[in-house]
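Okay, structure first, notes after.
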């Protein structure tokens, strides 16, 4: 009943890397404000940024066995995405597993649970987004699915989807939408640069975005301070 | 029904800056252990310290429109204080809004919600105390009040009150009490320096504060360890 | 009804220091995955590492009086361990108390509550693991027990037990078991070094730990990706 | 530094009672969706409903002394509103205090902390909205202010304001606005009754509220299910 | 960009109703311990039990507009499943919407957010599983998708899937798997009845499930109590 | 390494039953406000009350195997107390295990984790205090210790200690102190009855407890309301 799916397709590397350069907030906006994982996932060191293709992995509570299974089907450019089958804060992952992943070209870890050896992971520069930091060890008794569609931290993720993660959090982009999202994100970035320059001179967003009329329609009005 | 109040009074800048030099814990103690915002507000980078006059702003859940409105009535030396009308962890604020605020002399942000672009905000050195870090974008459909009294993270704040924030958290000082609180805080600092020197020599707080008699009255007694 | 126990025994310093060099995750594993304090306790700065003998202290909610009492019975090499008698996030501890503890040779603080003056504590290099950072001040009205057995952050701790804390969290080792745990932990470290080297070459954990047969018995099977 | 304010004004009883009959959701809507206390406050039994004038009381963490002080200045028709000066879940209140309050005509309790004796309070029919149920006892060492403005569960409350509480939560209405809010709420109720009847027949909200055009403007469109 | 999908297929009514009679725990076990929604969803009254076909609906934070949209495409036997696009505890739903849903044959509501009018909903007997109870009102400015696949409370749900909810929580069964899951669940129930009878006589699970040998292999051993 | 301890001593039944009649708040006060388990443990139905001798049991996360082991060493009058070795909200316990426990004379369950089949447990009248209600099933791979000292929900508990639980929560009384605590609790009850009668007549706690002088010493003063 537990399955490892081999040879799942990955998003093209050029698209993945380009999305990674843009960052989470831009990619999230460009695809219509969807795909964000819960903000309870935080990087174990900052600054951190990574993009890669999702290598998905389910783990039982307090049991990290299937992470070992996942390493075998990893490919360079993957980001390991781990979700527990029920909520758990144990330390599923540490220096040894990171060493193994790095040897197989995996770029980072996203896990809706805990990790440990964070000083060592920081020294290695291996980026991790986790729910918790915990030294609590795990057993190896109950394997979970690898490379099947999962829900991780509230987001639906399929193997090979793009994972972009930075100091703001983690976002997933569907594999088949990735090139379109990239195009939209690049257009957005150009637009933002111009806005930034105008705002830096003191121009008001109220004017730049022509908000005043709509605000008045929504009932906004101005009063002078009355000290009485 | 939504209002922006213009020309609200601010606490005098010399008082604000002097309170800022003293820090949150000292100011909080000096005014009788009141005025602290909830410890759920944390700085996005450390160390960080700011003091300024409150520029207050209410936002609807998932809607950052009124932050744009607030920029227009900002004055140099303000700290923007944002509270959602119902609890929300979205990323209301990022690099563009920070650029706009800096152009108008605003010194920092206190927000009982989420922010994003934290790598960029850190690079800018723009200090933020927030409940969450989240890339989740917001809409612009429902404006909120600007420069009216608010409750932010459990504390009542009026426009022009003093906001002091550092690595320990955020405290508000009423505008009309600020000069008195400053005097009390300065006295406290002098007192602390002497205590620190005596404690550094190994003198016990029990003796320095003459606590032994009161402790005995409250039932404290001493026993030798009994290995049985 | 409130007691301070004097001259409680401490674990031998050589054992304490050796455990400290090994770190929390290794010690926790070596003693059979027990003794971990809740992951809600986090270091106020990173990296941080300490080992010492538990100087235990109970505090009433919002009342840090007994921390002053504890200083008198501290010995060099202790780590102060503070637990509130009911849950509280106030800032029980700051720079003055740290100065006093340092003068008595105390190496760090573990507290299931809040601390303040974290910028100053960081500058001093005084390591603290706490539940919260909060400037909220406390009173001195209700003393608590010092050097009695306590439960702190879910772990049972007796005076003189070994406390090891680092970026991964905090673990306690019973005084009478400490030498045995050290031996087990040292053996584990040797073993890990060899594993790390093999994993770094790309060897799979599946093979190194001979997991494949057991995984198959637990129902794991492999499928090729089916694009339909 | 701690004060009890005597003879604070109360909202008129007829207004209070009429608001109570309308319930929390209606009153909250009628005054523009403001004044709600945090949803963390829940009734200890259901159904429960009360309305009264706020008798405000601050308590130190783990210390219920000022509740005794508050009883003396209670008047028939009050609802006791208790807020801790820092977050605390202890059981501040039980059967004896409820007996005392009932003897003075107080109608219920709203507390951003814990209560105990809930079986007895339920048997008495004394309604309580609290953050927690906890048997944890409290001390009497540090009094707090009584009948001063407070922030309770995120809402600003002045003595004599109207407190309405039911199974949906707790709302405060400013004393000086209470009569206007009542008028608005009564109008709302009439309106709701007609809506309910139309919806019960199967009429769509889309039609009754004429939403279709605005929805289309906001980008809503319809598609047939495509099984491919 | 916002879509309502019409004429999505539903699971057959006989399967839905049979799953509903079995309850959440049995269905969850029968399909291999998957499909459970987060335990943060709780019924607003107990006992409560419902089964129906998922009518899915996304809502913006603090905005319940698309619930009105969903009513139009409801069919008798549906259960409305609502998920916010970012976390929100507002009261999205109350008596009027329930009246409208009942008129269209909808059997209940599952919502990863708040509801209000719970006394009225209880009186109506309309079952609701929600994250929060809150009177906080919402706006109608930003519609969300209706009848598209969603993630609700950590579970992936497609329109027409089976939703079973009772006092233990909420579980989803894929439409195409529903008949198989029903068969497995019915087999399980027969089995449980026999176990219950044997356990009621005092037979030990250790014997009934033949656990002793495997426990010994896992290191379990027995000791007599030693009072020393 | 995993142990079941047989024939641990129990507190005498007459003491257990007498403590049960007094309830949690009274027992907690009588033993000096100690021994309370975290308020996160709540009864699955109310009213509920039980007292018994602790039958302690550790469980691995997501694994309820050792509950089956515990049944064998249960004795009539026990209350099963279950603590996970790391935090877990899964549904460890349901109707079948309750049936088994009842057959062996066990009076109830206290568990710092989740339970399921709560409708059936309620119908059986089997009292349970748990952290969560969750249908999430568990495995049987990793046994835990039975009848050894544990920490459960923040309290240290030894086999045979007295567990008293009611609507206010759960308290533990050490076996060797139980008779003394009972005596203190009985005295307290007599005292409370007299207080209740006096308070019911309107006598103030301020007078009955002679608090006014001490309050004045602590700085309490009275002011008349000033409308300006």
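A few notes on this one:
Each chain gets a letter, A, B, C, D, E and F, in the order it is written, and its residues are counted from 1.
Here is the rule we use: a contact is a pair of C-beta atoms (placed from the backbone, for glycine too) under 8 Å apart; a residue touches a chain by one contact, two chains touch by 3 or more.
Nothing here was measured: the structure is a model prediction, and the numbers come from that model.
Fewest steps needed to get from chain A to chain F, stepping only to touching chains, is 1. Chains that touch both chain D and chain E are the following: B, F. Of the two interfaces, E-F and B-E, the higher number of touching C-beta pairs belongs to E-F.
Between A-F and the choices D-F, C-D or D-E, the pair with more than half the same contact pairs by residue number is C-D. In summary, the pair chain C and chain D forms a contact in which both copies contribute largely the same residue numbers, shared numbers making up over half of all those used.
Distance between chain A and chain C, defined via averaged C-alpha coordinates, is recorded as 30 Å. Distance between chain A and chain E, defined via averaged C-alpha coordinates, is recorded as 28 Å. Multi-chain contact residues, meaning those touching two or more other chains, occur in chain D at positions 1, 33, 36, 85-87, 89, 134, 136, 141-142. Touching chain pairs in this entry, ordered by label, are A-B, A-C, A-E, A-F, B-C, B-D, B-E, C-D, C-F, D-E, D-F, E-F. Of all the residues in chain C, the ones that touch chain B in their complex are 1-9, 65, 68-69, 71-72, 89, 91, 94-97, 99-100, 102-104, 114, 116-119, 122, 132-137, 140-143, 147, 159.
Listed in rising order, the residues of chain E touching chain A in the complex are 1, 32-34, 36, 38, 85-87, 149, 151, 154-156.
Across the complex, chain A meets chain F through its residues 60-63, 85-90, 134, 136, 139, 141-142.
Contacts from chain E toward chain F in the complex involve residues 23-25, 28-29, 33, 36, 39, 42, 46-47, 49, 166-169, 171, 192, 195-196, 199-202, 204-206, 209, 211, 215, 218-225, 227.
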